[in-house]
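Structure provided below as structure tokens; questions to follow.
The chains carry the letters A, B, C and D, assigned in the order they are written, with residues numbered from 1 in each.
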Amino acid sequence: MLALVVTWAAFAISLVLLFQVLNDGPIRYFFGGWAPPWGIEYRIDALNGFVLVIVGFVSAAVLLFAGPSVGKEIREGHQHLFYAMVMLLLAGLYGMAITGDAFNVFVFLEIASLASYALIAMGKDRRALTAAFQYLVLGTVGATFFLIGIGLLYAMTGTLNMVDMAERIHGIHGSRTVLTAFAFLTVGIALKAAVFPMHYWLPGAYAYAPSVVSALLAGTATKVAVYLLLRFIMIFGADFAYVALPLGATLTVLAAVGILIASSSAILQNDAKRLLAFSSVAHLGYIILGIGLGNDTGVTGGILHMFNHALAKGAVFLAMGAVMLQIGTTHINRLQGLGRVMPWTMAGFTAAGLSLIGVPLTAGFVSKWYIVTAAIDRGWWPLVLVMVASSILAVFYIWRIIDAVYFSAPGPGAENVKEAPMTMLAALWMLAGASVYFGIDSSFPASVASKAAAIVLAQMP
Amino acid sequence: MWILGTYNYWIFITLMMIGLYIVIVRGNLVKKIIGLNIFQSSVFLFFISVGKISDGTAPIILHDGGEAIYSNPLPHVLILTAIVVAVSTSALALSLIVRIHESYGTIQEDLIREAERAP
Amino acid sequence: MMATEHLILRVVAKLLIPLILLFGLYVQFHGETGPGGGFQAGVIFAAAFILYALVFGPENTRRVAPEWLISTLMAIGVLLYFSTGAASLLYRANFLEYGVLSTDFVAGQKLGIFLVELGVGITVSSVMIAIYLAFAERQGSG
Amino acid sequence: MVVAIAIIRQRSLIATVMLSSFFSLLMAGTFVLLDAVDVAFAEAAVGAGITTVLLLSALVLTSSVEVQPLKTNWLALVLTIATAGVLFYGVSDLPTFGDAAAPAQRHVAPRYLEMAEIETGIPNVVTSVLASYRGYDTFGELTVVFTAGIGVLLLMTPGVRRRKTPKKQDENVT
């Protein structure tokens, strides 16, 4: 209960912060009263203000949902610890997004990671343990790469504060160390963000984690990692990242391949949660694609897609959580006929699923449209084809679930299944509804995203 | 001369390679964790060596009147934090390993994969 | 219990443990002038308990450090750190700005650092003890 | 380094743990040489102490011999060498070891050394930076430890309420 209040409060605060930032420009807060670069500061601008809102919104919905689901999936004696862990995870994510100090990012990254390793391992299936271990090893390697990157930067600039670093880095752009630092930071972050081909840990982790954790991680954790990528592009300067380095091209190619492979693998999955996990990898591909395009529309689309995907993926994972609560599995064959007995859950799932496909009038369409336009602007036609192809693939994999839910005869025992409790439905519809609403009227997130994109690309020639 | 001047980085890189190699290659989960520790320690070594100043001394201010050169304290602070993080990670990883051993009966990666395919 | 027969081990351990604890305290409170501080002290402090658990078994250690005490201490350390930081908020300063905790800026800093290090020490040692005991008790229950 | 290579080759896990503990001690010695006494202290206490104990107690709970045959994995070797190659490329532009004029020494650090004692009254600069200037990092670090503690409790204890009942039964039986 307390956890719920805290997350809602944090969500409210993050909204207030975002509006304040939009009106008054960046907010800075110095810890211990020491001015940076000697002390640590919090620095909020349109970009991370937006990320904070994403985390806040998803977590508020998930915590509203959590009660019955956690009650079923987590042992009684562990529940208080479980909630403590969720809170720590959120603290880590908020911290990563809000801080203005490179090393502080590492510390919060580790808080969030340790919490998520433990949370994933709480899954009922024993494969959750190995999935968590795999994530732990890769995550730690990623974090250590990140640390190497920070170390190299520190050796070159003598500072850890992001703003200060960005200023001092300009004089030494040609340096090989800076190039290497950028490479290590990118690889480290990419491991955390599950950017293809470093997505190896993600499907297992999402599929076997408790439902609440899947929804939370899918909606927030990778988004924050992508934000870090953007932030470091800012520190190095967009002109450096895109013009001096083949970052844009590399990211785009990887993203395009990743989208196709992940979408095709999603079709082959038999477990709905695992299917959705692969779809997450594909959608991260879209976000990265938008960023990789490196023009204003593309980055706006990428940032916007972070928001939209967080809403939609959060909603579908919550729907799966409701299914898990009522029938104890998310295997596609067992979902048959649930559309009749759990109409509200499945309607929510469908709305969010349409947004994942990118059907017009849903949020997913808007951000995909931005990205496609950006690709056309750059004249990169193959990418447009990739986007279209993967949307068709998405139709297939979402359809597999919808087909089972609505157009198959109910399996044995389906008559006894009841609709999910009210609070869970409310949470689910909060996310699904938002994802439809922002599809019809996308002016608010789109304007914030384009402001954020402008910050990222500020130094573009 | 250049190679001699940066030998600390060479040691760091070699250690890092060994650690990373253990992490990737060894199928035993405990060994993976030990490899991870070596990998992380090598990065610590790198940070600390960045902070070293020739003829410097530990950054504890002395009051014997003499002008001492102190090594850079900032990397020390960072690495203290990182060591704590590393030990926390290891502890969590080890408890995961114990749980994996309980439910699979082995801590060899390939045997676990076989067991996962079977059920 | 296996350790019952090892008389020498038990006597030596009994002699060593107070020394280790004392050394832990020394490191904790002397971190300002020499090397050391809350983290190192916490680990040393925990080492004493772990030695005790190794020699006398986890059951006996639980009598000294019952589960509720350890988990409470874990949280208390973090809270101590947090409230030290938050206390400076009350003086309309920023989070963790210790200078305002006392009339004199430097004295306030000293006080703040002392409290914060104490918080670190408490949490680190209790977490380490908790982790070790969790492992050790797993052996007992098999 | 020799120790680290031995770790790869060694198959008995207990021997590996001992070697890694030795590795930590050597590391701590190196840190002292590099003037990082606080870090050395922590590394010795953690690497040679806590981690070893934890590794050993984990080994008691699992098996202590590695059964897999030793083989060389070329893909991994290529990957590590590639990473190292990038790093070699990267460090070639770094200032030489021990250079007092390096940017890391010139920008932020001098202020700590000059002002820390005046501003905090504490001679150990590492302590004052740790707890005051970068106090928020340390707060985060403490949270990491706390997280790990809760994580291990979540994973390793069978739940508070359930544990008490079987224990009582045990006592009754004996």
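Just so it is clear, a contact is a pair of C-beta atoms (placed from the backbone, for glycine too) under 8 Å apart; a residue touches a chain by one contact, two chains touch by 3 or more.
None of these values were measured; they are calculated from a predicted model.
S.K.: Find the two chains joined by the most C-beta pairs in contact, please.
M.R.: The chain pair with the largest number of C-beta contacts is B-D.
S.K.: Taking each chain's centre as the mean of its CA atoms, which one is farthest from the centre of chain B?
M.R.: Ranked by distance of C-alpha centres from chain B, the top chain is A.
S.K.: Which integer distance in Å separates the CA centroid of chain A from that of chain D?
M.R.: 29
S.K.: Quick check: how many Å separate the C-alpha centres of chain B and chain D?
M.R.: 5
S.K.: Need the CA-centroid distance for the pair chain C / chain D, whole Å please.
M.R.: 18
S.K.: Residues of chain D that touch two or more other chains: which are they?
M.R.: 37-38, 42, 46, 50, 54, 58, 61, 87, 91-92, 94, 102, 104-105, 108-109, 112, 123-124, 126, 130, 132, 134-138, 140-141, 143-148, 150-153, 155-158, 160
S.K.: Two or more other chains touching the same residue: where does that happen in chain B?
M.R.: Residue numbers touching two or more other chains: 20, 50, 58, 60, 74-75, 78, 80-81, 84-85, 88-89, 91-92, 94-99.
S.K.: So which bits of chain A are touching at least two other chains?
M.R.: 31-32, 103, 107, 110, 114, 117-118, 121, 148, 154-155, 160
S.K.: For chain B, which residues are in contact with chain A within the complex?
M.R.: So the residues of chain B touching chain A come out as 20, 23, 29, 32, 36, 39-40, 43, 46-47, 50, 74-75, 78, 81-82, 85, 88-89, 92-93, 96-97, 99-100, 103-104, 112, 116.
S.K.: Tell me, which parts of chain A touch chain D in their complex?
M.R.: So the residues of chain A touching chain D come out as 31-32, 34, 37-40, 75-78, 81-82, 84-85, 88, 91-92, 95, 101, 103-104, 107-108, 110-111, 114-115, 117-118, 121-122, 148, 152, 154-160, 168, 175-181, 183-184.
S.K.: Can you check the complex and tell me which residues of chain B touch chain C?
M.R.: 58, 60, 80, 84, 91, 94-95, 98
S.K.: In their complex, what parts of chain D are in touch with chain A?
M.R.: 86-87, 89-95, 102-109, 111-112, 132-137, 140-141, 143-144, 146-148, 150-151, 153-155, 157-163
S.K.: Okay, in this complex, where on chain B does chain D touch?
M.R.: Touching chain D from chain B are residues 2, 5-9, 11, 13-22, 24-28, 30-31, 33-35, 37-38, 41, 44-45, 48-54, 56-63, 69-81, 83-92, 94-99, 101-102, 106-108, 110.
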